[in-house]
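Across the two complexes that follow, chain A remains constant while its partner is chain B and subsequently chain C.
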Partner chain A sequence: MLRFFIVFVVILVALFAAELTQPVQQAVVIPWTEALVHICVALITLVDANVMVFGKILQSTTNGFAISIEAGCNGIEAAIILIAAMLAYPAPWKHRAIGILAGLTAVQALNIVRVISLFYIGQWSPKAFEWAHLYVWQALIMLDVLIVWMIWIRMLPRSAAPPVSSPPPSADRGAQQAAA
Partner chain B sequence: MTATEGRSLKQFVLRTFLWLPPCFAAWYFSASPHAAVAGRLARMMVNLFTPGVVSELERSGVNLVFVTTLKVYPAPGQAALLLPEVNPLLYTYGLAMFLALMLAERAKIWKVLLGAAVLLPFQSLGIAFDVLAQVGIRLGPEVAAQAGLSGTELTVIALGYQLGILIFPTLLPIVFWAVSGRLFNEIVMNSPGRITESGP
Partner chain C sequence: MNTQIAYSPQSSRSRRGQKYAGMLANIAVAGLLAVSVPAMAQVLGTASNFAVLGATPSVANTGPTVVSGSIGVFPALIISGFPPGLITPGTGSLRFGDAVAQQAQTDNTAAFGVLTGLASAAIPAQLGGQVLGPGVYRPIVGDFDLTGTLTLTVPGLYVFQTAAGFVTSSGGTSAVNVGGASPCDIWWTVPSSATIGTGSVMAGNVLALTSITIGTGASLNGRALAQTGTVTLASNAVTACAGGSTPGFIVPPLPAALPPLNAMGGPTLSEWAMILLAGLLAIAGASTLRRQ
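Up next is the complex of A and B:
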């Protein structure tokens, strides 16, 4: 477990530092953020035509309320944490790749729900927007990452994990493994 | 994933979401004393990084106001002390998440209290990096130079600020829950593809 945490932190800090660099910002962060805005607008216009987009800003044409998708709002930090957790956990590369793809889809899908909900919450109440934006949705996105990661681990094949540490197995767990 | 394993995970997730609203309420209503303690620690941390820069810690509502010895010049002939202000709630809301996770797995109260105490210095670190980011980066090179911040220190501040605001508040509660909680071991470490305990 200690090795998992150390590898997790190393990958996390490396990916996070990489995210802050200009090349990664230009190649990944900014294009994804703009794509996210367009996905949100496309979904919103299915039911509400009173919305327009400028770069990373989403604006209501009814009341002028606008939100700007900034760092921390584009789901990239949550994605980095999920990728680091899946890479740090001992599993075959094929399962890691599937887990990362499915996990990122789940996290970004929830983030789209988050952005759209914030767009409407903000039009309804600035105070509720502040709460939802700064605290509640942040927690929900991270819980989503945790849940996706735990489900992925539970779905790994029984013989998937290579050994990473060496305390002796307990009698109960040895019996469970034998029964499996 | 067996049906029993799936059910235990599902029940845990459901309980966590049920605990979240009361835990957010508890966190919000205890925010003032919580912020006071976190702010004092943050003041010490800022002064460790840039000795003597923060002279006092004041409050403006729930916000923390760090009175510094740094001077700014809002107009010609006018000088004022720099007072960076920080919303501590941005750094402490992870406590609500941590409480929800621990209560969802019915953890022992001492573990909940210990975890909350261990989270505190990290919350203070986030607040400290917010102050340092204001002083070292957002207010320009003149203020940074007064505080003696440059080069590598500014890079550390930029990374620390991003980690402090984007990663620490939500990730650390999960890490501490994982380390101190029984359910993480049951759900994750005993999983089919677990971090195995057999020797290499």
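Up next is the complex of A and C:
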């Protein structure tokens, strides 16, 4: 358990430090942020033609309301925390890979919903936008990560658990206990 | 995510700073536009005398097309279908691969470069149903497509930079409602080929890198200028636009799409939320490990 804590913190610090470096910003963070803008706009334009894009800014042509998707708005930090936890937890690599992939998908999909919803909430009411942005969506993103984490842990094979210190009961003892 | 809303609650100092930032940005944009005027004023050069300009293999017409303005072709030498097509007397002439047509093609190519180099705002590719003010626009995804009516609100410069091709729907179902704008101030840059569907009511100068096809019965109040391919006409009315600021540009107001500059915001997860989330994952993981 202590090992899990330490490894978790080490990986977390390493990933956040890496995220801040220029190469990772250029190769991952900025491209993903731009892609997020385009995904959001592509989805919005399916139902609403009154939207424009200026780089990372989405603007409504109806009322001029605009949101800017910045580096911190891309869900990468939430994904990093989940990835660090999955890497630190004792599990087969195959399950780690599946968990990370599923976690990334879940976080980013919800983040897209978040961005689109905030774009419309902001047009409706700036106060509601503030509330949704600062409280509701932070809670929902955290909940999303927690749910993925719990499901992943539950789906891990038994063999992934660390070795138990005491020997397992013998077949006879097990039978006696079951009978009792 | 940062939000940009003009009426967000902020401190007076912050508002003052943003006001100055907004003023500076507006001055910068206005200065940029002012600086760009001389180059734009001559953007079409001698090509502005042509209503239809093709390259190779020909400019081809079928049916009783009426063109107001010159029709030219360069480097090819073929303009077919005139008659039955005709040029409104006194508005222009046919130019078969001569020096005038050559110069017009050179100016057309230069204009295409100027127009495609303008900074633009991304809007939905389907123009039908949109109501736009002056500005330079490009499609968010894919190519511009006009099915229905595009409405332009006020006088000013409108430049539509499509990604590759440009198509308007057939059957008289597409139109550009120019509102108060001059067709001379509407520009379509098409890096591939443009197809004006049958019966379309089209306005503006269509500058296509390859070819332009104007479907049967469609009208174009503007110009059809193809750099390397053919221009195909079929019982059309093509009128080299007049007005605007000859040969086409007037200084637009600030782009309609210029976003407001006041900003506020916060990330997906705040620092405390990230710490809390990491803590929750650690506790959940540790308790599971302990149970096992």
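The rule is short, and it goes like this: the second predicted complex is superposed on the first by the 160 of 180 C-alpha atoms of A that agree within 3 Å, B and C clash if a C-alpha of one lies under 4 Å from a C-alpha of the other, contacts with A are read in each partner's own complex, and residues count from 1 in each chain.
In this section, a residue touches a chain if its C-beta (ideal position, glycine included) is under 8 Å from a C-beta of that chain, and two chains touch if they have at least 3 such contacts.
Remember, it's a predicted structure, so these values are computed and weren't measured experimentally.
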>> Quick check for you: in the superposed arrangement, does A:V136 touch first (chain B), second (chain C), both or neither?
In response: first
>> Contacts for A:A42 in the overlay, against chain B (first) and chain C (second): which applies, first, second, both or neither?
In response: second
>> By the touch definition at the top of the document, which applies to A:M155: first (chain B), second (chain C), both, or neither?
In response: first
> Where does A:G122 make contact in the superposed view: on chain B (first), on chain C (second), on both, or on neither?
Replying inline: second
>> On the A-aligned overlay, A:A97 touches which partner chain: chain B = first, chain C = second, or both, or neither?
In response: neither
> Regarding the shared-chain residue A:L20, is it in contact with chain B (first), chain C (second), both, or neither?
Replying inline: first
>> So in the superposed three-chain picture, is A:A109 touching just chain B, just chain C, both, or none of them (first/second/both/neither)?
In response: neither
> Who does A:E70 touch here: chain B (first), chain C (second), both, or neither?
Replying inline: second
> Of the two partner chains, chain B (first) and chain C (second), which one does A:F4 touch, if any: first, second, both, or neither?
Replying inline: both
> Can you list the residues of chain A that meet both chain B and chain C?
Replying inline: 1, 4-5, 12, 72, 77, 81, 89-90, 134, 138, 141-142, 146, 150, 153, 161-162, 164
> How about chain B: which of its residues touch chain A in the complex?
Replying inline: 1, 5-6, 9, 13, 16-17, 20, 24, 89-90, 93-94, 96-97, 158-159, 162-163, 165-167, 169-171, 174-175, 187-200
>> Show me the residue ranges of chain A that touch chain C in the complex, using the header's touch definition.
In response: 1, 4-5, 8, 12, 38, 41-42, 45, 49, 51-54, 57, 59, 61, 64-70, 72-75, 77-78, 81-82, 84-85, 88-90, 111, 114-115, 118, 122, 126, 129, 133-134, 137-138, 141-142, 145-146, 149-150, 153, 161-162, 164
>> Under the stated contact criterion, what part of chain A meets chain B in this complex?
In response: 1, 3-5, 12-13, 16-17, 20, 71-72, 77, 81, 89-91, 95, 134-136, 138-139, 141-143, 146-147, 150-151, 153-158, 160-169, 173, 176, 180
> Which of the residues in chain C end up touching chain A in this complex?
Replying inline: 1-9, 121-124, 126, 129-130, 132, 140-141, 256-257, 259-260, 263, 265-270, 273-274, 276-278, 280-282, 284-286, 288-290, 292
